[in-house]
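Next up, some structures in structure tokens.
Here chain A shows up in two complexes: once beside chain B, once beside chain C.
After this line comes the complex of A and B, so read on.
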């Protein structure tokens, strides 16, 4: 220990640190998608929204010098992409899954195009809060350097859970998702509810992107997302459209992503490809354990095009 | 050019190619308006591999009479053949540089066979005499610069633990890891180099996690072999560790943490290629070189590099530049499983093709190739 190494403790610590560092984009995208899907629509385009959010946050932070302005810009960009998705989907006979895939490609392509000049400059980053001040182990302190966005995300999950159950807005979103006829009979425009839900979902996904470029890994480049947006969309199904389960699932994915590198660093070097695949193995395992051919997925909104 | 150390086989290949080329007129001298095509696998400004090539292309743009066309993010599939076709037929390119490893076989070979009058130059491939004579492969012994980075890292590290964030265990990557580790051990025999493979060329989140895990293990100097070293450099610097760069100079990202780095020097090589063609001598089909041939270079030392480290690194550099050269991989080399991989008494010189098939990690490297 004299040389500053903590040996095998690296692995649980890295998983903890990874859960905190890597999970935030998963958390924001999955909570956003949770809102959208509860209203009865799937937005697969959130991968593109995530990348656009990352790019615009980095660009605005670089140009204005304020990372928080970057976060706001990322949210607005995400909301606009959400509005685009909802707008196209409100036309008759449009498939939301197909539109989502188109917007995923559009978002990433546009972000790469606009983000070209942003790869080289270094933008101001979001600050971290040091929760490890009580410890004198530098590794633990590093793992506990937490960003405010992570805390907001963690707080947002129970708030959404509560809002879906007890607020008027939550009820409206759920009604639109469970039975659009019922919502229409109550005198509400289903399209308007879904437009708002998709915009809020896009807003959150954009903020998730800003975390990637402004906090961790903390710079803009084209490989930044490497599929995290689409993973987070799948995570919503995995979490059964429950915001609280989204939180746990995101943390598990973040921790699992850190497992591969951490095991290699302590000398478990065989089969690292397998450990790198840990998050996906976890998903498959849980999907297989919980699925049943006799019923539809529990918790799935009835209006969702994949369940209808 | 000094080809004193090249094997006789390659000399014969080169000679045969030259005669053949001259006889068939396959290599025309360049007229005033020559178009050169560059194809990159990733983004041209990635602070890494592709940017290094783009800097080489930029050097060509400055030469009057040359027109450079570029396309980036071309996957290593049929797509590169389409790009080559369009560069030839629409832009009139007569010299092509498909720069990514996976372009070589079958894509570039196929195109070179189809257009025997044009010249194709590939970075990293292993040209053999079965391949078309109008195709060629060039590469730099960047492990020489990695060896020097290793010396600086070994003398800067307090813990004696060095870290290497690598993409995939292919020969070129393993050779860099081994050279870095051997450089460090030449000045600090107890130094270890811990390697983490991320699995692909551009995985920013994994690279950041690998960097953090290494530092958690007590590693205090890191380097990497991934497409864009920016993530590793920035995250390591944030944690207070030192870094050695790769591909291009990343010192602007972390001036205090940046010690030195292994850089490509394509902006020196590509104009040289063009001159060779203009002079009518042609480019040798199998072209290799290191520091002496100015294909690779070492970044200027950062402010944190001690006088002792500068001196040791400069001495090593002088050895590479000397007329005898310097063999990094000497006889009696043992891998990290205890197996002798190079028999005692047979030094493997830099131009030895055996080194381009490397599949082991040397003693002092913590990690495994599979």
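After this line comes the complex of A and C, so read on.
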């Protein structure tokens, strides 16, 4: 099974590379969803947002020649979808979980529709920073080719952690999530806070999508995201709505998702599809371990419908 | 309490006062259930018309071809009904757990597992009389799909895992299992380009309803929907389920076995979707391969919501959405719209239907005196 000079070391290296590369969309979607859920609403539609973000980033990057404009477009698209979600949810007696499912289908459908002409052309991609220049091992260098978006995501996690604790905005979002009555009594509009939180969440999820089409795998096709958005939403639940835990969980997920291709590269092909399902199985397993029917999860925003 | 339960409580509220036994008082709720989704559908069609107009197509052409491709000819009717059959069954996968206040969106996964189980049963029983094989396929499909969704129900009941997310994750796991088996253990060596299992055999196919090209799966769907309706609205079991869906604490106080209710309803729901998988194998594909993941499970969610989780209402709604997907081919050929346009329209309809939830009990002339 030894393949190449470093043999089986390929697998852990590829998993490390995957943890860095594959985790970025998970990271952005989960941080975005973290903001939305802390304000007391769940947006299951981020799967659709992710795909729409990927499509619009690729389209704008192709048309304008600038991948960073593509990233911005993906963020704006995501924010608009977030606004749509929040807008419908602010109507009386509308269930946010159901709206999320609807937007998941709508976002994917719209992205496939508008993205039809984008399957052929090649758009300029995001550049990578080479952190592995000191090494002669090609696999290690490949693993350490890091995208700027990943670094932004990693920096964002502690910033959000700090912002939730100490800033006025963080406090407002948490108040809306813990007790809408209290927020209202303080003279704030809960709907407006949630609208903003959902839009910021959508913005981040859209950027996560742009990473998919502009860096890794780095092209646009209809099979680009299969459930990464929904996995990231689940990830927020067992990260206990803590941005720092979201970061670690995303890294673990990226590693799990890279396991299938890594094993394939050393010649283990038999369980390819099963290894590809590793992130979903892992999500389910962790949810089974961490959830409990007896109590609500610690850290769960009290207004969140999905944990009640 | 979900919006569902809130709405049915509301509906009871509009009917119950009976101070003036007028027509609107008695039927206001029912009229609402037809009028509001109908209006939402119309609104979605208008928005979709504007959407295609932005791409330089004539919306009137669009509506004509949609009608023509769905219900214009006997041929298109048959196409529509063939597509409606699995939709009825996958919609039940969402509608049955909804009676308990659960949001299950994993019908696609149960469909795949049902198809896989049914195919395995047929391949194991090769050489037996066709009727025996077919019955075994139905049983295997129902059990396979049923256990799959029951898993989501059990996780919710015993571990507190959110069933919406777990059932969706199970879709991806089911697809991985299907691909794994179809490309490995169960692969027919003769299927080169499209890895598939061996064929179940022409004699074991369930065939068409005499005089039509519509397969018997439609009858399976109709029977399942009617049975589900009777189960939910006319049996003690269904009543208990609705009580538990309305108020789980009250259900526990009066001594209902909530665990048993959740597990059985989830089994039946998954069984319906598993049956859809069996039908797709035994009436359309003749074997299991990745073609089965055609999205019937996801469209079924929309059907269930549009039908307001009522098993009987699912039948016309499934035919309507089957028609929309049947017209997709014609839209592609005549108007040059991408095949994803059906998905866009479904998404718009879904958004409109959910937004229209806000209207219940607010239409003045249906409210009567209060």
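Please note the rule applied: the second predicted complex is superposed on the first by the 294 of 308 C-alpha atoms of A that agree within 3 Å, B and C clash if a C-alpha of one lies under 4 Å from a C-alpha of the other, contacts with A are read in each partner's own complex, and residues count from 1 in each chain.
We adopt the following convention: contacts are C-beta pairs under 8 Å (C-beta built on N, C-alpha and C of every residue); 3 or more make two chains touch, one makes a residue touch a chain.
Source: prediction; values computed, not measured.
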- For the three-chain model obtained by superposing on chain A, do chain B and chain C clash or fit? clash
- With the two structures laid over each other on chain A, which partner does A:280 touch: chain B (first), chain C (second), both, or neither? second
- Query: Looking at the overlay, does A:237 come into contact with chain B only (first), chain C only (second), both, or neither?
  - Reply: second
- Applying the touch criterion given at the start, work out whether A:226 contacts chain B, chain C, both or neither, answering first, second, both or neither. both
- Could you tell me if A:122 is touching chain B, chain C, both of them or neither one (first, second, both, neither)? first
- Where does A:99 make contact in the superposed view: on chain B (first), on chain C (second), on both, or on neither? second
- Return first, second, both or neither, reflecting whether A:165 touches chain B, chain C, both chains, or no partner chain. neither
- Answer with first, second, both or neither: which of chain B and chain C does A:108 touch in the superposed model? second
- Quick one: classify A:91 as touching chain B (first), chain C (second), both or neither. second
- Message: Which partner chains sit in contact with A:270 here, chain B, chain C, both or neither? Use first/second/both/neither.
- Response: both
- Superposing the two structures on chain A, identify the stretch of chain C from 185-193, 311-319 or 347-355 that clashes with chain B. 185-193
- Task: Show which residues of chain A both chain B and chain C reach, each in its own complex.
- Result: 112, 116, 226, 270, 272-273, 276
- For the chain B and chain A complex, residues of the former touching the latter: 42-43, 45-47, 73, 159-161, 194-199, 202-210, 212-218, 227-228, 230-231, 234-235, 238-239, 253, 366-368, 370
- The residues of chain C that touch chain A in their complex are 2-3, 6-7, 103, 105, 155, 157-162, 164-166, 168-173, 175-177, 179-180, 183-184, 298, 301-302, 305, 338, 340-348, 350-351, 353-355, 357-358, 360
- Message: Using the touch definition from the top, list the residues of chain A that touch chain C in their complex.
- Response: 44, 84, 88, 91-95, 97-99, 101-103, 105-110, 112-113, 116, 226-227, 230-231, 233-234, 237, 270-274, 276-277, 280-281, 283-284, 287-288, 291-294, 306-307
- Spell out the residues on chain A that touch chain B in their complex, using ranges where they run on. 3-6, 10, 13-14, 17-18, 21-22, 112, 116, 119-120, 122, 139, 142, 212, 216-219, 221-224, 226, 228, 257-258, 260-262, 264-267, 269-270, 272-273, 276
